[in-house]
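You will see chain A twice below: alongside chain B first, and alongside chain C after that.
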Partner chain A sequence: MRSGVEQMIEFNQVTKKYRSQAALNDFSLTLPHGKIIGLVGENGSGKSTVLKLISGLISPTKGSVTVDGEPATRKISSRVSYLSELDAYYTFYTVGETVDYYKSLYSDFNQSKAEEILDYMKLDRSKKVKDLSKGNRGRLKIAVTLAREVPVILMDEPLSGLDPMVRDSIVKGLLSFMDYEKQTLIITTHEIKEIEPILDMVVLIKDGTLLKVEEVEELRIEQNVSIVEWMKQVYQDGGMGK
Partner chain B sequence: MAEDFNASKPIYLQLADRINRQILRKELETGQKLPSVREMAIQSGVNPNTVQRTYSELERMGSVESKRGQGTFVTEDQYVLNELRQRLKKEQISSFFEDMKEMGFTEDEMVSGLKEYISGEERGGTND
Partner chain C sequence: MNPWWGQLAKEYRLGRGGAIGALIALFLYLGIGVYTSWRMGNPETFLAFCAFALMMHVLYMAGYMCVSLIREQRTLHLWLQTPLPAYKLLLAKLLNGWGALAFSLFIISAITLISGTMIVNLFELNPELTWPDVISTGVFIEIHIILIALYIGIGLTFLWAIYLVVSKSLGKVSGNVIGIVLFFFLPWLMSKWESTGLFDALFVWGRIDLNFSDVAYVAFKHVYIGYYFYHFLLALLLLFTASWLIERKVEV
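Entry: the complex of A and B
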């Protein structure tokens, strides 16, 4: 990794166990500022656990997770905006009420940015959340997550189960509304092809351990491989050596 | 312009190539301002740092100039543009030549084949 870049998110020998099962095992990782980072790996590899640890929703069994040097406890939510894989809003609210609700939850919520994103995503403020299509519920989640002015934005499977048109509008939305000079975006996804042109870095994990971290454009320059090709190679090698 | 990029080749070079072609076609005119890094990132659906790298590469090639605080502009230097044109021509011809040679065509066959193609005999209706 380049020197001189302030390190922002740090996992220091983290083990996370659910009951007796380890979701992450002696996991160490440092991620810099101002990047768009893809977190990839098979189902059950520990991707969601990584995001939940950064957001302070869960805490490590062993080791430490810090954001800008601060331990990632529940209080870290003032620096971290987290989009859950699950639906996280009241379905009886309208789109407009959902935005108001988020505004009441977070003092860093930028209402005018939220309005802009709603317009961009063509979301009708008066519609009830329960009457929205799956695609529009996905868009609404993106809107309220992106409208927070925080240094770290985490998105767990934002494209999952959505059609290609919606996925495209979300990817463009991320590029349009993320403040990439000040914010770091970490995305977990299986839709790698859609997301790969916008990534700076990719982090590959397997069975709760870190396999590799790479700059995506360097993969293309040095090895002439796409992320999917690279993943297959690394998985085959078991992540050993270069 | 929302064509996909080849995911296993450097995107910054693919984007630089597209912009150079737009300059040669005069879709981007001499002295014209290029979109900002953010606009270009959104338009082409790529990472902003990649666009920044593309702009630096184009500047290194001479096809654009960046003016402090104002943005990036297509060069007005006709000499540079002409060189760019000649270089891209040469690159294209050289890759055509190497491919044809690899398949065992003679130089005469290449030249006559090219002439025939241009005169339209072998050209399908899909030329652009």
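Entry: the complex of A and C
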């Protein structure tokens, strides 16, 4: 495990409302640099909202979100690579054209790394995106997201809808293709058991409020519990801060 | 590669299908024109079909942007995640639409010209008509079709940006209602404003007399540079507002 000390992503008393519905409520959180962080919680707890706020795709109703001190607006995309939970792509492209498009857009896009990931994911460059299986579309999303050399990578449910074999290979791929020294990965997933081995830190959210933040190593060694067991425990206790 | 070129290429791919579809529709329409003209035994009917198709190109950009923006809406998070400012994203769409418009306009203009001079032979029907009349009238009409089409395309983009903002904060029904209300209200408001004395004082200047012959079918006898300037400013304002809304207010 790596030690991250530099404060990087900061939520300062953030409330996010969709119409009258609050997705996040007075949410404050500071995430350090250089870690793999799992964002966990029930459906509708606000996980995707947290990632969208960091990526600048939505703005807080109240409070502020910053990445390295810079407000998270659309412009933050130069520092943040975001993988959406949505199964939406430019279907008129082939796999190779999708990679070329990302290469043209982002100066931080590492083409050789992208090719390496495509090979690892066994994706055919010449295949049309619209003809790919859901699993392969998911792999392509991961490939173009990981190939960017940015400080922050956000992945919203990257394992959703994939079979166990693919999930396992993707989790291993995350380890292989991330730059631990320079990058932070924040990942939301319901497949907690599968990503648990690679997580440094876990953030638990419920109903738009932060329940608890914990170092995974501490859970394993000191409390001797898995993340799922810890989640159940915190939910039962009602979760009291960090 | 410059990111904007990449975006431009992507917009080309996104809009290509629609542009080809519009071209096929144009040829089908002209095919109906040929058939109708043959059935009626009147070559001028085909010329009327061509002239109508030519004029309908003022709506080309509206159609193009409609298709492009609706398709974009399905992958809005990808579009908004690009590192380009919103105005460049919109310009990439508008420029591609303009290219498709220019191509389609060129084709229909050529067909209209050929049918007007070779099939119908307007020069025989109207001995006073000269080639300079045909060319100057044609250029005048084409420039205005392009300008009006761009203008309508920008206006539609502005309405789309408002729809995105309103539908996210108040719901899709409200977004549609406000979009439709603005679609009718804004032109009405503009016509009211353009009939005021202040508007005349500000923008009715720089008169240019048009010396088209009577047979050239151009209703305008003069135009005002100030009027073009006003519409240029308005188009810039709409584009700027749409860009600002997309940059700051549109969420996914």
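By our rule, the second predicted complex is superposed on the first by the 234 of 242 C-alpha atoms of A that agree within 3 Å, B and C clash if a C-alpha of one lies under 4 Å from a C-alpha of the other, contacts with A are read in each partner's own complex, and residues count from 1 in each chain.
FYI, a residue touches a chain if its C-beta (ideal position, glycine included) is under 8 Å from a C-beta of that chain, and two chains touch if they have at least 3 such contacts.
Just so it is clear, the model here is predicted, and its values are computed rather than measured.
Once chain A of one complex is fitted onto chain A of the other, the partner contacts of A:220 are limited to chain B, with no touch recorded for chain C.
In the superposition on chain A, contact is made by A:176 with chain B only, not with chain C. In the superposed model, A:198 makes contact with chain B only, not with chain C. Judged by the document's definition of touching, no chain A residue lies at the interface with chain B and also at the interface with chain C.
Here chain B touches chain A in the complex through residues 5, 7-12, 38, 41-42, 45-50, 53, going by the rule given at the top.
By the touch criterion given at the top, residues 35-36, 168, 171-172, 175-176, 180, 193, 196-200, 216-217, 220-221, 224-229 of chain A touch chain B in their complex. Of all residues in chain A, those touching chain C in their complex are 18-19, 52, 55, 57-59, 73-75, 77-78, 82, 84, 86, 88-90, 92-93, 101, 103-107. Residues 1-3, 5-7, 9-10, 13-14, 16-17, 74-75, 77-78, 80-84, 86, 168-171, 247-248, 251-252 of chain C are the ones touching chain A in the complex.
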